[in-house]
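Shared chain: subunit A. Partners: subunit B in the first complex, subunit C in the second.
Now for the complex of A and B:
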């Protein structure tokens, strides 16, 4: 039986919400980036390309953009390295143990980014647990200044995004049938062969969305660099928010946001093209 | 032994090394949260782990700080409205989503989760301009709309997943017995999707409670949400009061996780 058409009308509020309060405003932002600088208002009446030529003509902005893109790439790679073993371990668990492990992933996910970053401020304090552990182990002699460093920003961002990577990989691993692995071991495949030829390719459907989501979110992460990065190192999101709330340069802030988004799209497109080739080669 | 790893169980050292690695990774995952909870009970004057003696004084201190309590109340209020609105709108959208078939259905799902996939920063910047244009800039209504938008996908994903479990034959049976569309919804569909609907509301509430970037750009004059107030507090007076506030936030998320486990099971929810 075909369902009655009026039912489709129920989607109208949701579509309106996303169209009016998201798609329209983001399109609006693209337009804003071509506006002139205003005097009494945050933006002017006329249109100009000046903001883009200012960004591309200034080595400072290039530097911040490249730093943002590279930091996000580092975060994504580290995140994958941390998440894969966790997802593997989780995919094997059953019963109450599985519930406990899911809770360990879900509780950080449902705790705000700000709260979790604050946790790292305690861990990395000068006389905090991390420094004390390292000194007790004899790895360092005196406490390291960890707060307000790029390293801590990266560490905290990895922590923020681990659940986003673990969950899709875990789902992919759970879909691998154990008989497939048993069959190949019984036919004499080594542990390494099984991993390389069966498990890794089959976990790709989880790795791929995880990597892209984490990268896209990491490039535009604002809270972590703002709280843990200090004043010395700038990232694109902190610059953008500064232009919008501090100096009220809406057109210039928009141009920065557009440049950041387009570069992210380009990086993701290159990544997709490269991995598509890799996938084909592994099939051949 | 059906466990896939069992085939390799003779490789003892490798398994032990893997076990240690897993423990370290979970320590990494849980450490910041444990530190906050520990530091909030300190009897000393500094944020420190392990805490210096035990006391609840920073919780009393928290409830005496007007700015933080105002932030908490505002976050709770905005979160509650967000939960109610997103549950309603997402329930309607999920009902419509059932009626869409084939390729279009995939696009519909994607569209409904868009606020989750596009960085919060972009949405926040766009909304800042848009709300200014429609003269809702720096108002509570504007901030509320931002929270509803950002939390909608969480509600939608949970409710749509619950809807997919309802067999179409039930609806057909109900209709052929003469029930109206509304009766079928209220008496057949709603009781079946209730756990998913409640879970969607919880996710939407918690997400709204945690939002920072969008609240920073859209914050109304003279109003702060708890995360905004907490950020200012951390920047200017790094005291254990912040750990008490953060612990309340962690408790809320643990409560949320526990309810979700009870309602639908974590494994199905994530």
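Now for the complex of A and C:
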């Protein structure tokens, strides 16, 4: 009998963890999504496809799904635009300045999710500091209605997800040898050429995980849309939580969750496929 | 092609003076080597030439015109880096063609020029490989091709052979020299390897603590160094302290050394009675019978190296001479020997602070 390779043995805790906390619950949820609606219990005895046909047959759910995916995409793009210059700056910093910048970047994560969102409610309120500052500066004449808008949800999500984008990009930028920049400069590249042809493609190994992380987190965000989005607009997570804990429609809520998960996986897969060549070339 | 002149170049980093008045001149088509140990300022000089660093003072002219205000990307110089600095995400052909692409040359011209230069550096068939898929020697040739394809006014090479093994180093060295001479490009070459510098250069600048200790042909650097530092850096050397230096005019001196008097050539301008050192390269020395040599001494070490017998001779004043003798010479430690010197290979230098 051959002993299992030690490498496999080392993987056992990870596999066990993933099995118990990911595979099992997802399987359970997938199964739940085919259950019939119960009358006195959260779910019934029999199996049905009714929940899926209800979701796909109703423009309302399509709308919420598309809104969720688009909002997450917007958050991701804005996050990338905000984070790249920060990551660039950070990749140049050394010593105490670098430590200070890391602390600043991580700061949104150091605040609890409720506190952070209540903070936004105060900041964005009609007579809150943001409106007062803008009015004092003469930029606006009357207060803007910011609270309970999609814009505020996006802003708050970008704020909290910036670290997930900055850190991997910073890492990738640090791995670009400065002589590559000098080499391209000596070949006639302007600063813009250097950025477009060298830095941007070579930082892709950082952009890729950043984009995936932020997108997945943004799709699944619940507290921020629930608190700052108000009652007017719904997102998939708020809808799902509503079904699961509000009306106790476990099978329907599960079906919504499965649809959201699969949609996210598809988006990630498309992004990965589109960038596979760039990723393959630019990884160190 | 162009004459390149560096005048009184100065560069300061915080409290460290990296360049303290470097002056050099490369005539059109010459290969000038900057030779010296690490930290002597040779790479800093090259980086100022390339435009990656801005000097604090001095002037660099190409064909008589200052280039200091021209940014690095408009200088039109080719640079070859020690670590090659190939773009890892571009194929060999894309690396080589990158500069042409920036110049927006037509696709057909780009392809033909890339193929031409790949042929020149013998890289045929590797166009579609990524840098990480080819060997170090091939990477080095890509780096060279990438610089040459742009037909640069000036080629700057920063220790291009340092990361290659000995066999490849020889091969690439001759390739660089051949290409440079064929194309007639003026080139600056940074190295700490004296044999590389000797073999390749038209002119060598031996650098010492941010200054040029000597700027001359390889032959002069080796045979007529201006100071001990230069002689030491360019090969095996013996030094003997001299007294009673008397100038004889025309760069010749009479000196007293190790118990005898000699007349020989030296660095012009050594004052009468000034402290001086006599440079004797091992090949200027020959073992003789004790009674017939210029010096007498005792063999204190001898080692058979195959092609030669390496000896160390201690002179009466305790100074030591190293030399290579004919391998079948019969000497053992403790023998009294004479040493004949070839006066045309002996050279007197002023004693300066190291």
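Operating definition for what follows: the second predicted complex is superposed on the first by the 256 of 284 C-alpha atoms of A that agree within 3 Å, B and C clash if a C-alpha of one lies under 4 Å from a C-alpha of the other, contacts with A are read in each partner's own complex, and residues count from 1 in each chain.
Basically, a contact is a pair of C-beta atoms (placed from the backbone, for glycine too) under 8 Å apart; a residue touches a chain by one contact, two chains touch by 3 or more.
Just so it is clear, the model here is predicted, and its values are computed rather than measured.
> Between subunit B and subunit C, whom does A:11 touch in the aligned arrangement: first, second, both, or neither?
first
> Kindly classify A:126 by the partners it touches after superposition: subunit B alone (first), subunit C alone (second), both, or neither?
Neither partner.
> Name the contact category of A:201: first (subunit B only), second (subunit C only), both, or neither.
Second partner only, subunit C.
> Could you figure out whether subunit B or subunit C reaches more residues of subunit A?
B
> Kindly classify A:185 by the partners it touches after superposition: subunit B alone (first), subunit C alone (second), both, or neither?
Both partners, subunit B and subunit C.
> Touch check for A:105: first (subunit B), second (subunit C), both, or neither?
A:105 sits against subunit B, while subunit C stays out of touch.
> Is there a shared patch on subunit A that both subunit B and subunit C touch, and which residues make it up?
Residues 182, 185 of subunit A touch both subunit B and subunit C.
> Okay, in this complex, where on subunit A does subunit C touch?
Residues 177, 179-180, 182-190, 193, 197-198, 201-202, 278, 281-282, 284.
> Would you pull the subunit B residues touching subunit A in the complex into a rising list?
2-5, 7-8, 11, 18, 21-22, 25-26, 28-33, 35-36, 39, 47-50, 89-90, 92-93, 95-100, 108, 111-112, 114-115, 117-123, 125-130, 132-133, 145-146, 148-149, 152, 156, 172, 175, 181, 203, 206, 209-213, 216-217, 227, 230-231, 234-235, 238, 242-243, 246, 249-250, 253-254, 256-257, 260-261, 265-267, 269-270
> Using the touch definition from the top, list the residues of subunit A that touch subunit B in their complex.
1, 3-5, 7-11, 13-15, 17-18, 21-29, 32, 42, 82, 85-86, 89, 92, 98-99, 102-108, 110-123, 125, 127-129, 159, 162, 167, 178, 181-182, 185, 191, 213, 216-217, 219-220, 222-223, 226-227, 237, 240-241, 244-245, 250, 253-254, 257, 261
> Would you tell me which residues of subunit C are touching subunit A in their complex?
50-52, 72-79, 81, 83, 85-90, 98-99, 102-103, 130, 146-147, 150, 156
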